[in-house]
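Supplied in structure tokens, the structure appears directly below.
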Amino acid sequence: MILRLDRVQTELPPPSDPDPVGAAAVQELFGGRFGEMSTFMNYTMQSFNFRNKAAARPFYDLIANIAAEEYGHIELVSATINTMLTGATPKSDKPQFKKNALADLAGMPNPQQAIAGGLGCLVQDSNGKPWHGDNVFSSGDLIEDLTHNFFLETGARNNKLKVYEMVDHPAARALTGYLLVRGGVHQVAYARAVELITGADLSKMFPAPRIPTDKIPESKKHMKTGEHLKLYRFSPDDYREIAAVFTGEHPETGEPLEVVDEAPEGFEPNDLPSQPAVFAPDYAPEEIAEIADRLRKDAGL
Amino acid sequence: MILRLDRVQTELPPPSDPDPVGAAAVQELFGGRFGEMSTFMNYTMQSFNFRNKAAARPFYDLIANIAAEEYGHIELVSATINTMLTGATPKSDKPQFKKNALADLAGMPNPQQAIAGGLGCLVQDSNGKPWHGDNVFSSGDLIEDLTHNFFLETGARNNKLKVYEMVDHPAARALTGYLLVRGGVHQVAYARAVELITGADLSKMFPAPRIPTDKIPESKKHMKTGEHLKLYRFSPDDYREIAAVFTGEHPETGEPLEVVDEAPEGFEPNDLPSQPAVFAPDYAPEEIAEIADRLRKDAGL
Amino acid sequence: MILRLDRVQTELPPPSDPDPVGAAAVQELFGGRFGEMSTFMNYTMQSFNFRNKAAARPFYDLIANIAAEEYGHIELVSATINTMLTGATPKSDKPQFKKNALADLAGMPNPQQAIAGGLGCLVQDSNGKPWHGDNVFSSGDLIEDLTHNFFLETGARNNKLKVYEMVDHPAARALTGYLLVRGGVHQVAYARAVELITGADLSKMFPAPRIPTDKIPESKKHMKTGEHLKLYRFSPDDYREIAAVFTGEHPETGEPLEVVDEAPEGFEPNDLPSQPAVFAPDYAPEEIAEIADRLRKDAGL
Amino acid sequence: MILRLDRVQTELPPPSDPDPVGAAAVQELFGGRFGEMSTFMNYTMQSFNFRNKAAARPFYDLIANIAAEEYGHIELVSATINTMLTGATPKSDKPQFKKNALADLAGMPNPQQAIAGGLGCLVQDSNGKPWHGDNVFSSGDLIEDLTHNFFLETGARNNKLKVYEMVDHPAARALTGYLLVRGGVHQVAYARAVELITGADLSKMFPAPRIPTDKIPESKKHMKTGEHLKLYRFSPDDYREIAAVFTGEHPETGEPLEVVDEAPEGFEPNDLPSQPAVFAPDYAPEEIAEIADRLRKDAGL
Amino acid sequence: MILRLDRVQTELPPPSDPDPVGAAAVQELFGGRFGEMSTFMNYTMQSFNFRNKAAARPFYDLIANIAAEEYGHIELVSATINTMLTGATPKSDKPQFKKNALADLAGMPNPQQAIAGGLGCLVQDSNGKPWHGDNVFSSGDLIEDLTHNFFLETGARNNKLKVYEMVDHPAARALTGYLLVRGGVHQVAYARAVELITGADLSKMFPAPRIPTDKIPESKKHMKTGEHLKLYRFSPDDYREIAAVFTGEHPETGEPLEVVDEAPEGFEPNDLPSQPAVFAPDYAPEEIAEIADRLRKDAGL
Amino acid sequence: MILRLDRVQTELPPPSDPDPVGAAAVQELFGGRFGEMSTFMNYTMQSFNFRNKAAARPFYDLIANIAAEEYGHIELVSATINTMLTGATPKSDKPQFKKNALADLAGMPNPQQAIAGGLGCLVQDSNGKPWHGDNVFSSGDLIEDLTHNFFLETGARNNKLKVYEMVDHPAARALTGYLLVRGGVHQVAYARAVELITGADLSKMFPAPRIPTDKIPESKKHMKTGEHLKLYRFSPDDYREIAAVFTGEHPETGEPLEVVDEAPEGFEPNDLPSQPAVFAPDYAPEEIAEIADRLRKDAGL
């Protein structure tokens, strides 16, 4: 089970110039083979399918707990894409339906962001192909799942780096800067787990790809507060045995790894404005607002 | 963001006779078009893509909060499938690899549960096709999303009823009995939301399909404790405005609907035993256990 | 069985400036989840799979008859896409193969319209993904199928509105203007059917999305002749019991709904010119014409 | 545009012993790469995308007219599958929902026929994979499209022959016997068309596969009435120029080919009984019947 | 089994101006339904699945041997795409990671060439959809497989011609000019095979599409050296019976067909330079080079 | 380019009792995510996309050379599946078409092996899903590709072990016994490559999964001749620098690894008999044989 918090794990800038071309590329970080849907669902399924947890709880706790953090990552990528698309049609609470209201979006790489969505995030990659369940590897074999996860994080880091190089919208840069640091922590965690079981020193493979994270200003900012060293425990009471695995030094910096015994506080998400030309949240958002107001009052809220 | 709890929302029986044929059918409730991956990801994406939350918060809170409960449903279906597959090869902590260890599974409807997984749940439907992202409808148009969600829950109820009729393993029956009640609550919630905005009286469409839920013994058990009336708030502090929408009477029973201002307590999940013939969690699980023990000690746990 | 008529249901303008970018977007109305392939095949399959027609014939007739009209809609979308692509290479009956003849099409969103097709319509959506059979919902449960169909038409209306806003080619506007009106009739028909069985007043949900159809000039033109009120019977002798369901008033305008006891007359389709650079219908169309002439003469035509 | 007739092109036997295993295999003839969805949609799209019809009308008419007949083939395959599944649960108009009502269907090759459908036909192949739009070849190049069509009919004949050998349910045998004859006519028609344009004598390739059709008793019955020689015109007034192409002798028998200037009369389809355990058409079909009766009376029918 | 040679079958020009738009279109020749993956894998699978080779060896040898040549074609298309993408980011052996290094690639039709690949070829078509195994037709029926292969080569020729017209990069032109000639040989070979078994004179269908190959300068160059007439034997010792099928005259030119009893010599492939901004082959390629040098020395190479 | 040899890399037993259930499971080793299509195409594409080979030739040679061996693996899996299906219908050179000839195959897990194929191998996995191109990882980043390849071989070993446990047909056992040994060599080779670049000691992760290969009798047989230690050079003249990487000791046995400077001799493949009931290679294979004989004579063979 989960409890949900209306918070996001890092701060994203408010909407600025819309960037539908970039927003289509950022979809790779959502629904690509190495996107956050893949990290989230791989670790989630591995934790669901874990057998004999009692006997291997430190590893179960590690996978289950990282899975919980990854939920926050699909949330962040989604928020970024929504931010980047905001303003592609007029922001307003009044009707904006008219000829050519979406003309500028006709040639954008992913027209379904506007046609199927309301200028929002789709469960697709940067080529507009849907994420699918065979992207999940959950073999039941602990060492193999951990090896996969290390590889998955490496591929994910590669894709984040490239999207960083490709898309310069402030929201995309804030996203990639942050995810590179947090994904890096997971990459380290899985390498540590493999090492502790097998003795293979995967820490020598860092950084992978071989660009040091601190060369990226948007990431360095988070490294200054130690975000690259901390594994947060995303649970009120459970998954305490992550501390048995997430030990030792960071392979890039040599600093000591650290378990933080609670979730980060997070940030209040931006409430993105209406885009009535695509009926988000309605043809005439102000009318929905009136209904909501009335209901709130009726309920004494 | 989420916090994760190592609890499940209902109690499932421990493994009994394995049922790989049934386990393949139950996959429909996981990865089918109307499976729990679909309900979970539809509401999750709709909440991520919600624009102008401030103005329509009761509806945002409703969708976001139900999405949180649905996470627990993919967890339950997964636990059920794992339970049903347990024992299809010997349960043991010693190596069981040998010729014909999996011979009985060769003709089972979904051989990938054993080959790709460790006798576990896949992100697939009952025909072995992967769930995919175009199963998600997140148009940004609030009324349309809510209409979809009512329809989705109706299709989901249909599929749960049929799996109930098809699969008689105790874990499957416990699952479908529970999900029918909780999915019913969501069906009511979305119908209420549509009604409050448009005035259309969807409550007259209940039950849909038209079999009353209380004719199902495994569901009736949960109705006795009022589970069909309660919308739990799956958050420490957020989503309080669900109370503005989840009001009135249950369309099947006439009883008053009720918001419960916290998550249910849940149950400790069964720790399913090793299946070493499929390397879950290892060729020789006892060796993994020794390593884990040592790590725990080293960490002072 | 069907009889086919070499007529189209509405008049489309002849080719003007080619618009490959728009033609790629219009594919959503053909092969998208809510495109005309989906409406056509959903109702067709539901009618094929209908059990005990005798006992529920008004509803069978409704679904089967609307399915017949939808065939004309896939025809119209296809004609529109072909029209929009005409002229992207020279129109001629002589060979036009040469270097760079298709250079302008290299960056168009759907290159397969030119490579796999002859500047024609593909069975794909606006992201170039093929339509697939799991877009069809045919549960056998009458109320559920009807509920689905109402939802499907709502999603289809959403997509038509957005394509209207996105694509300004005269053929696309003629298409969307017409389909919005006729799809609206189907939306009403299914809402009526649900209402007559369950009592739920879905008419209160109109218009959905909430923009009135008569605000769209290209649609208003068809409303003036009452096209928004009429359900045509697309059969020489069958499906007469649609009259038992398609009754009452139009939920947007209050005017009485009307069954027309025959198919509309339709219009002669435009015969679109050759595009020999893509071998449509040949490298040297004039040579095909000569052969055809000879065959016609031999056959005494 | 089409007109639809509530008739089927050949007589199918009424339901007898249910055969879910066979019904899953027959799906290949519906949604396989060479199934009737493919023949129907290939010719339909080729006719929609045909450029410069005036200059090549005999060929346009041929493709468009065969497309119309193919609609009747998807109808027949669907009717066959429904027939074969009838009786897999009790036929009744009263509720039949109960534990284990579908237990016998749990291990059947395509559980979605019962879970997603109401013991009906899906838009899938014999492996449960959905038919998809990239099965359509519509290049715009007339000779190439015709060559494809000849090949497609050859593959379709192969698959029908194998399903004939594999499935012995009376409905399946009636289906394959009939389709082999009518598909054979289309195979001849496309071979003729290629020959008339290019001079290549494809008639020498018959039969393909090389088993003579008259060795199949269920087909021979239709050959006795000349069904293997006739190309029906499925239109009140159009497609008359098929007579310019469908000429000469049948390549297997040497008999003269014949254009029939109207559609065949067809047969009244069987009205298949309710299967209430899968809610087809309802949990309690008799209640739907009552509503329908009332509506009919209200409408004066 | 195969032996691999580090040679390519034709000479491609070195990288010049990068052309990501063209490179996305050329993907159709790699992973499209009629791309080289399809020709390669169709003939490969048909040769693997061939039954009773002894009795039909000339045909087995033909298919198996052409399959071997097709491997060289996927290699050439891949090399072309890599060539066309070279220079889209700076060529260097030093790190080039920086903001906006990939900005020019954000709007390119296939962003995954840069994100998932290292400016390389993907196993996808021109719409970014992955090639899939159901593109393979391997029925086991020899005549049918050969008929398919003739059709497949016809479709492949169509697509090559269109890509020739669409993409003017020198590498693409060299590729299409060459493949048109060699694919033409295979088209002739399969037509011959069908003719020899059935007597149907498919040679009358050439050229298909009906543009003579010698009208294409880049192809004519290869025809001057007789490349359109020769079937090379791609094996040290096997597949000698191709000589029993590849006989007679070329249907376009009337010149005698010729079996060459060895593979062509081929050309040394271009070694394409590093693109460090996409980490190909590394973030800092010079460091990899140093390691490689050391290893070579250690091994005495 | 390649040269093809009509040889297979290991000896498979001749057909014995047919095993369609097992043959469907073995498809996982062909077209599953970790099947031989994946290993073959991953390494092939990585070698095609390799940039700056000169500077990193030992690694290029390694990947390119292993890719060449993998071709022999798809060939072996295919031969195995064909062997296992032989005899499912009568072996004969005379027509065997008749009612119920395929009745025993109706319920087999992959009916398309008989319907789409001629009792042959499909490009599908054990659930009947087609292999697709997004199974290929070719990032251009050398270390990442090598890491992936190590992981891929680990997953492949897992699947081979499970199929070994699941399917007891002699051909399947011969196949898995052999592939486990040769795949193991590739797993070692990629681990070595990673180690040589990064210093990470992946050899400590062997065996993975953790069952020693020599516990499998069918594998041990090949280990006795040292097949687990040898990397063959599959090229007349190229890929010589594999010797710079494939060095050191085998991580399981400690024996020295060895480069063999030529391809293995291989074995003459079994020529599998006709299955005329599925038209493989014909309805009446003896007639094909006569034609082939005549052609051979005409060609002086």
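Think of it as A, B, C, D, E and F in the order they're written, each chain with its own count starting at 1.
Note that a contact is a pair of C-beta atoms (placed from the backbone, for glycine too) under 8 Å apart; a residue touches a chain by one contact, two chains touch by 3 or more.
Keep in mind it's a predicted model, so treat the numbers as computed, not measured.
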Query = Through how few touching steps can chain B be joined to chain F?
reply = 1
Message = On the document's contact criterion, could you list the chains that touch chain A and likewise touch chain E?
response = C, F
Query = So which chain is farthest from chain D, going by the mean of the CA atoms in each chain?
reply = A
Note = Comparing which residue numbers chain C and chain E contribute to their contact, where sharing over half means same and under half means different, the two sides are different
Query = Looking at CA centres, what chain is most distant from chain F?
reply = C
Note = So, in whole Å, the Cα centroid of chain E is separated from that of chain F by 23
Request  = State, to the nearest whole Å, the distance from the C-alpha centre of chain B to the C-alpha centre of chain C.
outcome  = 38
Averaged-CA centre spacing for the pair chain F and chain D, given as whole angstrom = 39
Remark   = Within chain F, the set of residues that touch 2 or more other chains is 33, 109, 116, 124, 128-130, 134, 139, 141, 143-144, 158, 209-210, 278-279, 282-283
Query = Which of line, ring, star, complete or other matches the graph of chains that touch?
reply = other
Note = All chain pairs satisfying the touch rule are A-B, A-C, A-E, A-F, B-C, B-D, B-F, C-D, C-E, D-E, D-F, E-F
Task = Would you mind writing out the residues of chain C in touch with chain D in their complex?
result = 1-9, 31, 37, 41, 44-45, 48-59, 64-65, 67-68, 71-72, 74-75, 78-79, 82, 93, 116-124, 130-144, 196-197, 234-241, 243-245, 247, 263, 266, 271-275, 278-283, 285-286, 288-289, 291-292, 295-296, 298-299, 301
Query = Which positions of chain A touch chain E when the two form their complex?
reply = 21-22, 24-25, 28, 32-33, 109, 125-129, 158-159, 161-168, 173, 209-211, 215
Task = Would you tell me which residues of chain E are touching chain A in their complex?
result = 95, 97-103, 105-107, 109-112, 114-116, 124, 128-130, 277-279, 282-284, 287
Inquiry  = With touch defined as at the start, can you tell me which chain A residues reach chain F in the complex?
reply    = 33, 129, 134, 137, 139, 141, 143-144, 147-148, 150-151, 154-155, 158, 194, 198-205, 208-210
